[in-house]
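Following are the structures in question.
Each of the two complexes below includes chain A, the first together with chain B, the second together with chain C.
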Partner chain A sequence: MIRVALIGNPNVGKSLIFNNLTGGRAHVGNWPGKTVEKKVGKCVHKGVEMEIIDLPGVYSLTARSVDELIARDFIVEEKPDVVVDIADASNLERNLYLTVQLIELEANVVVALNKSDLAMDMGYEIDADELSRLLGVPVVPTVATTKQGMEELKDAIVKAARERKKSPLKIDYGRRAEALIERLEELIRKDPMLSQRYPTRWLAVRLLEGDEDVLRKVRGSAVWPEVAEVIR
Partner chain B sequence: MSGLKAELGEEPEAYFVEKRYEFIKRVVSRVFKGKRRLTLSDLLDRVFLHRGLGIPIFLALWWALFRFTFDVSAPLSDAIDMFFGWLGDVARDGIANPWLASFVADGICAGFGSVLVFIPPIFFLFFGLAILEDSGYLARAAFVMDRALYKLGLHGRSFIPMLLGFGCNIPGVMACRTIEREEDRILTILVNPLMSCSARLPVYVLIGGAVLGAYAAAGVYSMYILGIALAVCMALLFRHTIPYFKGRRSMFIMELPVYTRPTLRSLLRHMYERGVLFLRKAGTIIFSVMVVVWFLATHPWSATAGGELVENSYVAMLGKALEPLVRPLGFDWRAVAALFFGFLAKEIVVETFGILLGVEEQALTSAIAQLFTPVTGLAFMAFTLIYMPCVATIGVIYRETNSVKWTVFTVVYGLLLAYAVAFVIVSVGHALGYP
Partner chain C sequence: MKMPLAMLPEGGEAVITSVVAGRGLARRLYEMGFVRGERVKVLRAGPGPVLVLVKGSRVALGWGVAMKIIVDGGEAP
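The block that comes next holds the complex of A and B.
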């Protein structure tokens, strides 16, 4: 069975896509220890069984709100087979921020470019193939309201789960920052407790950004004194 | 994180966010086919969010709101004031028992009057704010100001409350509601009373005019600058010393809503809901304190000859008891009593001096000149600016923070800071050879 997490900014049509994929049947509970609703549904596509987990709607993965922390922890700790990122085509720039963060987290991302019809109404079209090439992940145009693109999305999920390709995308943070990232990555690799659990580059960047949750995770490590020296 | 900040040239978090957006912009520019038609919202944003024009436009709009609020409401406030003054006179003439007459006229009528005069500015302010908010502009204003304020330890949205504070701290504190995160909101509330409200101006004008001579205007103006400087310093100080405010400020990720034409219905509803809240909560506090102060200023009843001789009242006793405390600042018991009344509403300081010195408005200036030297006068002005907010503001601070602790904190830090600043002014003045 393939475990698929659905993520996206608020108001992108995530619930609709969840319903389209699962036929509306969902097991509703709470995230452990949280008052945030957790929805899990099932989907069978061409004989392949999928479990669909609906993550909270978030703009980013900075772990500053409960919603962001739930979404991030699920992706980092539970490592779902595929993460479907639902992006609003009519507001692409803002939505891609989450996409980029998911790729940095080395999730197995499939982008559903939703509201494609709305973008067309506004007078433009998005080159999904070019977007896929630039991000290094599959991109499927969808219109959740009319169930357009749902079959293609399921195909892409199954394919991504089978191939497990890692996006080669690396954002260039500039010479000085890259030097720091490299030094941190070297340190992180010395501690298998860290390097086996988390993507090293993601961890390094988050350390530099001063992410409280990540700092807490690294503080317990033997390499912390050296890390602290770098991010001081 | 200071070494890292120097290495990257700015706040690390902002640096990485910017780099990601740079990448995204490049991606977006390559995947767009066709041209996105410009909407009216886009065109407005080009102007309102313009790097150079954004802030001047915001300041102009704020100024318009400010003038609208206080100019439109001023005649109404005056009318309310006059009405309760007249009602008080009627009561005084109509009630035979002098104690009861004084209680009804100076206690109840003056008390109600002092609450109700705030209603016009508050309702108009919330009406104006609702226009800016419902139209979608307020989100843009906060966005434009965020960068400058971030450096000062405040939040983008704290700008509007601070500006409103120049008119009156009450709407200033209430406007803090637009700040979502509680820590940011409370910090902005705490420093808001340092914005010199319009009620303090008469005090500056009286004292400055009496003792500063040709430098009166400069003295008055310096109070406004002093207030701003202290607000910034205090915000930074609290942010770095009080654990509650420590930690990371929320980055400013906000959705800019599409501009819409506000409906009159929703504007009126906003205005009414917020205005009534003020009446119910703060109103009861202001009113009860007014009655207490009436009592203190007119009793013991026989010693004050039925409220006529204030210098024999409890307030005067209090002033005299506290006089040793303020003697290092060069103030006497009358200044203490005036400040005590100023706690009701700062403009009352002027009227109190009038009563305590037993002179009419015209002779007041020369009488004040006897009371203060230029140095102690300036110190008194600064003290009036900084010391505890007026009772109405305190009521609203309690209401908005929903915390006795923060309310008491505001009062205590204000008093201590006022004393410290006044003391520095007096010491430096004396050291420079001024009396």
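The block that comes next holds the complex of A and C.
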């Protein structure tokens, strides 16, 4: 069984895609200790069983709100086989921010380019193949309301779970930041408790940003005094 | 003419020149699309919350937050 997490900005049609994939049958509960709904459903595609987990709708993966923290913790700690990032094709720029954050987190991303019909009505022509090449992850155009692209999406999920490729996309933060990132990564690699659990580059970038949740994770490490020296 | 976004009249359009805020708020605003060079339109002016169109989405900002976003509205009307 492969575990598939659904994520996306609010209002991109995530629930509709969840229902399309699971046939609307879901186990509804709460995330442990949080008053945020957790929906889990099942889907069988060409003999492959999938567990679909609906993550909260978020604009980014900073650990500022409970929703964002749940989404991020799930991806970092539980490491689902595939993360389907549902992006609104009619408002792509805003949506790609989350996509890039997921890629930085080294999640096994498949992008569902939803509301493709609306984007077309608005006169946008999106080259899904080129977008896929630039991001280094599969991109599937979908229209959740008419179930268009659902079979292709399921195919892409199964394929991604088998191959488990890492996107080669690397955001260049400029010479000065990159030098600091490199030093932080070296330190992080010295502590297997950190380097085995989290992508080292992601951790380094978040440390530089002063991400409270990440700082808390690193403060307990033996390399913290040296890390603190770098990010001071 | 440069001014805070909060001072833009209803229906007014402008380009963001800077965001004068602490790290946390600045980051939040960047994520919502309030970045330098971005065009914004005021759909509903204050006093009180300001409704702004940015990157194709409507965002309501508190008056105080809208004061921290500096825009260039071009020629004074």
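We adopt the following convention: the second predicted complex is superposed on the first by the 232 of 232 C-alpha atoms of A that agree within 3 Å, B and C clash if a C-alpha of one lies under 4 Å from a C-alpha of the other, contacts with A are read in each partner's own complex, and residues count from 1 in each chain.
Just so we're on the same page, a residue touches a chain if its C-beta (ideal position, glycine included) is under 8 Å from a C-beta of that chain, and two chains touch if they have at least 3 such contacts.
Treat the numbers as computed from the prediction; the structure is a model and nothing was measured.
When both complexes are overlaid on chain A, chain B and chain C end up clashing with each other.
With both structures placed on the common chain, the touch criterion links A:Met1 to neither chain B nor chain C. Of the two partner chains placed by the overlay, chain B and chain C both lie in contact with A:Gly210. For chain A, the partner that touches more of its residues is B, with chain B and chain C as the two candidates. Of the two partner chains, chain B is the only one touched by A:Tyr124; chain C is not. With both structures placed on the common chain, the touch criterion links A:Arg176 to chain B but leaves chain C unconnected.
When the shared chain is aligned, chain B comes close enough to touch A:Leu134, but chain C does not.
In the superposed model, A:Tyr97 lies in contact with both chain B and chain C.
In the superposed pair of complexes, A:Val66 makes contact with neither chain B nor chain C.
Two complexes overlaid on chain A leave one chain B stretch from 44-52, 386-394 or 404-412 clashing with chain C, and it is 44-52.
Residues 59-60, 62, 64, 93-94, 97, 209-210 of chain A touch chain B in one complex and chain C in the other. Listed in rising order, the residues of chain C touching chain A in the complex are 23-24, 27-28, 31-33, 55-57.
Those residues of chain B lying in contact with chain A across their complex are 1-4, 7-8, 12-13, 15-16, 19-21, 23-25, 27-28, 30-37, 39, 247-248, 250-251, 253, 255. Taken together, the chain A residues at the contact with chain B in this complex read 59-60, 62, 64, 92-94, 96-97, 100-101, 122-128, 130-131, 134-135, 171-174, 176-177, 180, 205, 208-210, 212, 231-232. Contact residues of chain A toward chain C in the complex are 59-60, 62, 64, 90-91, 93-94, 97, 209-210.
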